[in-house]
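In the two complexes that follow, subunit A is the common piece, with subunit B as its partner first and subunit C second.
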Partner chain A sequence: MKGYMGKILFIDLTSRACWERALPDSMPAALIGGKGFGIKLLYDLLPPGTDPLDPANPLIFVSGPLTGTLAPSMRGCLVSKAPLNGMFDDSYFGGHFIQEVKYAGYDAIVVTGKACSPVYLVISDDHVEYRDAAHLWGLDTYETCDSVKAELGDATFRVCCIGPAGENLVKFALVDFEPHRQAGRGGLGAVFGSKNLKAVAVRGDKGIEVAHRESFIEAVSQAHKQLAESGDTQEFAKYSSVSLLPFSNEFGFLPVRNFQDGSTSQAESMNAAAHESRVWMRHWACAGCPIHCGKMGMIKRGPYAGAICDNVEYESVGLIGGNLAVSSVEAMAFINQTCDKLGLDTISTGGVVGFAIEAFERGLLDETSSGGLKLSFGDHRSILKLIHQIAHREGLGGLLADGVVEGAERLGKGAPDFACAIQGLETPAWGPRGSAGMGLAYVTGDRGGCHQRGFPIGYETSGSWPKGEMADGWHLEGKGELVSWEQNLLAALYSLTICEFGRSGVSYDTYRSMLAAATGLSLSEEEFLLVGERIWNLIRLFNLREGWTQDQARVPQRFKEALPSGVMKGHAFTDEDIAALLEQYNTARGWDDSGRPLARTLTRLGVDALMEPLFEGK
Partner chain B sequence: MRRLYVDASLCTECRLCQLACSFEKTGAFNPRHGLLRIEVRKSGLISEPIVCVQCENPLCVRACVVGAITKGDDGVVTIAPEKCVGCGRCADACLHDVIVMQEKKARKCDLCNGSPKCVAACPTRALAIVEEVSQ
Partner chain C sequence: MVVTVKIHGTLKDAAVHPSDRMELADGATVSDLLIAVGLGSRVPALIIADGRAVRPGDRLANGAQVSIFARVSGG
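For the complex of A and B:
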């Protein structure tokens, strides 16, 4: 089928074997690609109950049928069982890497096993080579990428790699995709580390064909027009995702000082205008994307002057600027870059460090237990030292490197009350207080409490969603239907590996038109949503199989305390709220009251057929 | 005479130019098959599209041993594919490394009959087509 390359590459690091398999004919129509292919491969290949850091846990790089074409804003997807919370994890990344995977001839690459010593993989069309990485072990992600490219003597290779955090199995270590893009959440860098895999370089000479050339170009032009005409998209184009800051700060969604507050008087010094005037120099874009939400620039003032860096995304501004109270744009950019280089997810790092500072302020930690660090909000020097400790599991890093939930449990003394994570994933820069829907999206998120698996905040604040009116964040009604609908929609869109910022302009109809023109796969709106619902149910079955129970669907004590400021001031969750939301949600999904899909739901969606294995481990 | 004009300060490295070029010239997508390239320098601070400037003294024409490359009256340097033997000397001689060898044939920018697809695809006007005024 056009749009697809028709092959999956399997690499086993233990035996150094690699083999190809034709993409099964049934997969495109049932699952589209991306997230859908990822869960199918993971469901089949992971032996049930496998530890995420076990060699048998597969690392799955997967593309979508529009990836690598002119279709705007397509990303790649890295799937595995997450070290951080033991759940399904699909982490999306921009840049240029996944496009090369397709040009090399593959829709997906699956890496299993464990090398006996550090290696990196070089994939050039259908040739796979192992190279020694002992001399790269310990290098940061920027140094690793530069070294790999220099060794290969070809700058057109695209490289992904881990930093020291991944090597040291930090449970929120990321995988860096040069330049400046990351598969950040869930700790997939630690899966690399557990396999002794430092980097993967890929390049390819094959072209991607589409089924209907003229209608494809027509649909792509329509998508570009919608992006150009969307006010939201143009905000991202000019000011990156940090353009969202004034909104979140006004309502009280911004994490401030370990989520003790939801807004700050410092917001103006952290906003887009501040970054633009002090750091940014030019726009930067991922492959095939006209939006250019990325910015390249240079730190010009202060102790970090001279560093060339990219922009700090809204999430990182929230978790570093707000949650750690580092309001200097320069310090924020440097901390952000330090996390990227060490290979740490900025969201989880901001959550974990914010927790540590609050614990220090409460006297639960002191200078002895923190390896001599005197921690306080806003002190970027001690924060940077702590971040290095985490990446190397030194000093206080030993306590924090397994995530805030595990760290808080080990610390005890009431610490779990202010460990801000939901389903084991450190909470992103949208505090749930002020949005009943967001709370529900977090407790039902397939990879944990993630803002990208449903974002009801937008519908609640605008008062409407595609099916009519929507109650505001104070009210519970309608939220089960809203959240399940958006999760299904996003699962379908993520099977195309879309970017959220592209979605801010491109209509769902246009995505379907591009898919139909590229592949010949013509799906009605209803069928498209059904693919998403099918994927979401298969992931729930996977999570249940791996030990997830609905007991994990709860919020920490911090989010049960009233929000101190902002438009939504006073809002908090109760256990009764969560129970009522889950009841609505499970009903809307056709699941039982413990969150298990009913047999008739699985039959309706064709999930039972999908559970028949298509892939086997070697 | 028409030429491609580059303002690298506006380039975002999105490679839409290369994708559009590869689709126009090969019917499939791969930026590597586009007839222009992007050079990234200074730790990623700078990305510069490198294009064929249809040289006044085209070294590719001089390098070709079979006379497959000619500079036309309109100033555009083109390769006759039926004459090209795929030796790659033109690519070796190219000042800007923008001649692509593929399936034993050399390919280069021919300005798409005066309206280049790369220019149309560029979202930031980092690429433009300009008419040179003779003195």
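For the complex of A and C:
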């Protein structure tokens, strides 16, 4: 089918074998690509119950049918079983890497096994080469990328790699994709590390054919027009995602001091205008994206002066800035860059460090247990030292490197009450108090409590959604239908590997038009949503198979306490709320009371047929 | 009557009168306020008055605290 390359590359690091497999004919119409292909491959290839750090856990780089074409603002998808919480994980990344995967001739690359010593992979069209990476082990992500590119002597290669955190199997280690883009959530960098895989470089010369050239150009032009005319896009272009800060701060959704509060008086000094005037110097963009939300800059004053850095996204401003009470944009930018270089997810890092500081303030940790560190909110110097400890599993870092849930359980003494994670994933920069929809999205998220698997806050605060009026955030009614609908929609869009920021401008109709023109797959709105629902159900089956139960759909005590400030002041997210919301949600989905899809639901969605294995390990 | 206004993001750049305090005729609507601050031709993503979402035709109360946001999508 046009739009696809028609092949999947398999690489086994243990035997150093590699082989190709034709893309099964049934997959594009049933699953589209991206997230859909990722779950199908993971479901088939992962032996049930496999530990995420076992060599048998596959790393799956997967594209969509529009990736690498003229369609704007497309990303790549990295899929595996997450070290952090043992769930399905699909982590999306920008940059230029995934486009080269397609130009090399593949819709997906699957890496299994474990090399006997550190290696990096070089994929050039049909040729796969293993190179020794012993000399790269220990380097940070920036140094690794530069070294690999220098050794290859060919600037057309695109590189992804891990830093020390991935090598040390930190469970929230990221994979860095040049330049300055990351597959951040769930700890997929640790899967790299567990395989002794330091980096992957890829390039290719193949073109991508589309089914209907003229209508494709027309649909792409429409997408560009919508991006150019979108107020949201203009906001991203000028101020990046950090422009969300005033909104979250006013409502009380912002994490402040380990989610002890939801608003801060320091927001003005942390906002986009402060970053723009004090750090940013120029815009940059991922492949084929007119938005250019990336900002390169330089820290010009203070102890970190001279550091060249990119922008701090809203989530990182929330978790490093608000959650750690670091209000200096320079310190924030430097901490953000340090995490990127060490290979640590900034959301989880901000979560575990905020937890550690509160534990220190409560006397659960002291200078002896912290390796001499005196931790306090706002002290960026001690925060930086702790982040280095985490990446190297040294000192207190050993307690925190397995995530806030495991760290809190090991610490005991009531610590789990303020360990802010839902389904094992450290909570993003949108507290659930005052947004029942967001809370429901967190407790039902397919990779854990994630803001990118449903963002009902926008519908709740505006009072409307595409099917009519929507109740205020603190009301429960209608939220089951809202969240399941948005999860289905996002699953369908992520099968195209869209960028979240691109979809703020491009309409869903235009995405479907581009898909139809590129591939010949003409899906109605209903059929498109059905693909998303099918994918969501298949992922639920995978998570159940791997041990997930609805008991994990709970929140820490911190979120059950009333929010102290902001528009949502006084609201909490309680066990009673969760029980009522899950009842709505499971009914809307056609699942039983324990969150297990009913047989008739699986039949309606055609999931039964997808359970038959298409892939097996060699 | 007097309302307090906070304009955020690129809308602040576009506003002709990005003042924190605006005097409006009694019974003024959200739409009147948008025109007064020079945002009559822009469609904000969200307008909040005293903690609740409001629409252009809604009347504002004397002393209302209004926030105008350009974007509220996730990220």
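By definition in this document, the second predicted complex is superposed on the first by the 618 of 618 C-alpha atoms of A that agree within 3 Å, B and C clash if a C-alpha of one lies under 4 Å from a C-alpha of the other, contacts with A are read in each partner's own complex, and residues count from 1 in each chain.
In the analysis below, contacts are C-beta pairs under 8 Å (C-beta built on N, C-alpha and C of every residue); 3 or more make two chains touch, one makes a residue touch a chain.
Small disclaimer: the values here were computed from a predicted structure and weren't measured.
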TODO: Would you check which partner chain A:Lys560 touches, where first means subunit B only, second means subunit C only, and both and neither mean what they say?
DONE: neither
- [ ] Figure out whether A:His388 sits in contact with subunit B (first) or subunit C (second), or with both, or with neither.
- [x] neither
Task: Partner chain in contact with A:Arg257 - subunit B first, subunit C second, else both or neither - done: neither
Open item on the list: Once chain A of both complexes is superposed, is A:Gly288 in touch with subunit B (first), subunit C (second), both, or neither?
Closed with: first
TODO: Would you check which partner chain A:Ile208 touches, where first means subunit B only, second means subunit C only, and both and neither mean what they say?
DONE: first
Open item on the list: Quick check on the superposed pair: does A:Ile308 touch subunit B, subunit C, both, or neither? Answer first, second, both or neither.
Closed with: first
Open item on the list: In the overlaid three-chain picture, which partner chain does A:Met298 touch, first (subunit B) or second (subunit C), both, or neither?
Closed with: first
- [ ] For A:Lys114, decide between first (touching subunit B), second (touching subunit C), both and neither.
- [x] neither
Open item on the list: Quick check on the complex: what are the subunit A residues that touch subunit B?
Closed with: 68-70, 96, 99, 103, 142, 155-156, 179-180, 203-210, 213, 224, 281-290, 292, 294, 296-298, 308, 310
Task: Residue ranges of subunit A touching subunit C (in the complex, touch as defined) - done: 231-232, 234-236, 238-239, 241, 243-244, 246-247, 250, 272, 313-315, 430, 451-452, 455, 457-458, 461-463, 472, 500-501, 504, 567
TODO: Spell out the part of subunit C that touches subunit A in their complex, as residue ranges.
DONE: 6, 8-10, 13, 42-46, 48, 51-53, 67, 69-75
TODO: Write out the stretch or stretches of subunit B touching subunit A in their complex.
DONE: 9-10, 12-16, 19-20, 22-23, 26-33, 40, 42-45, 47, 121, 123-124
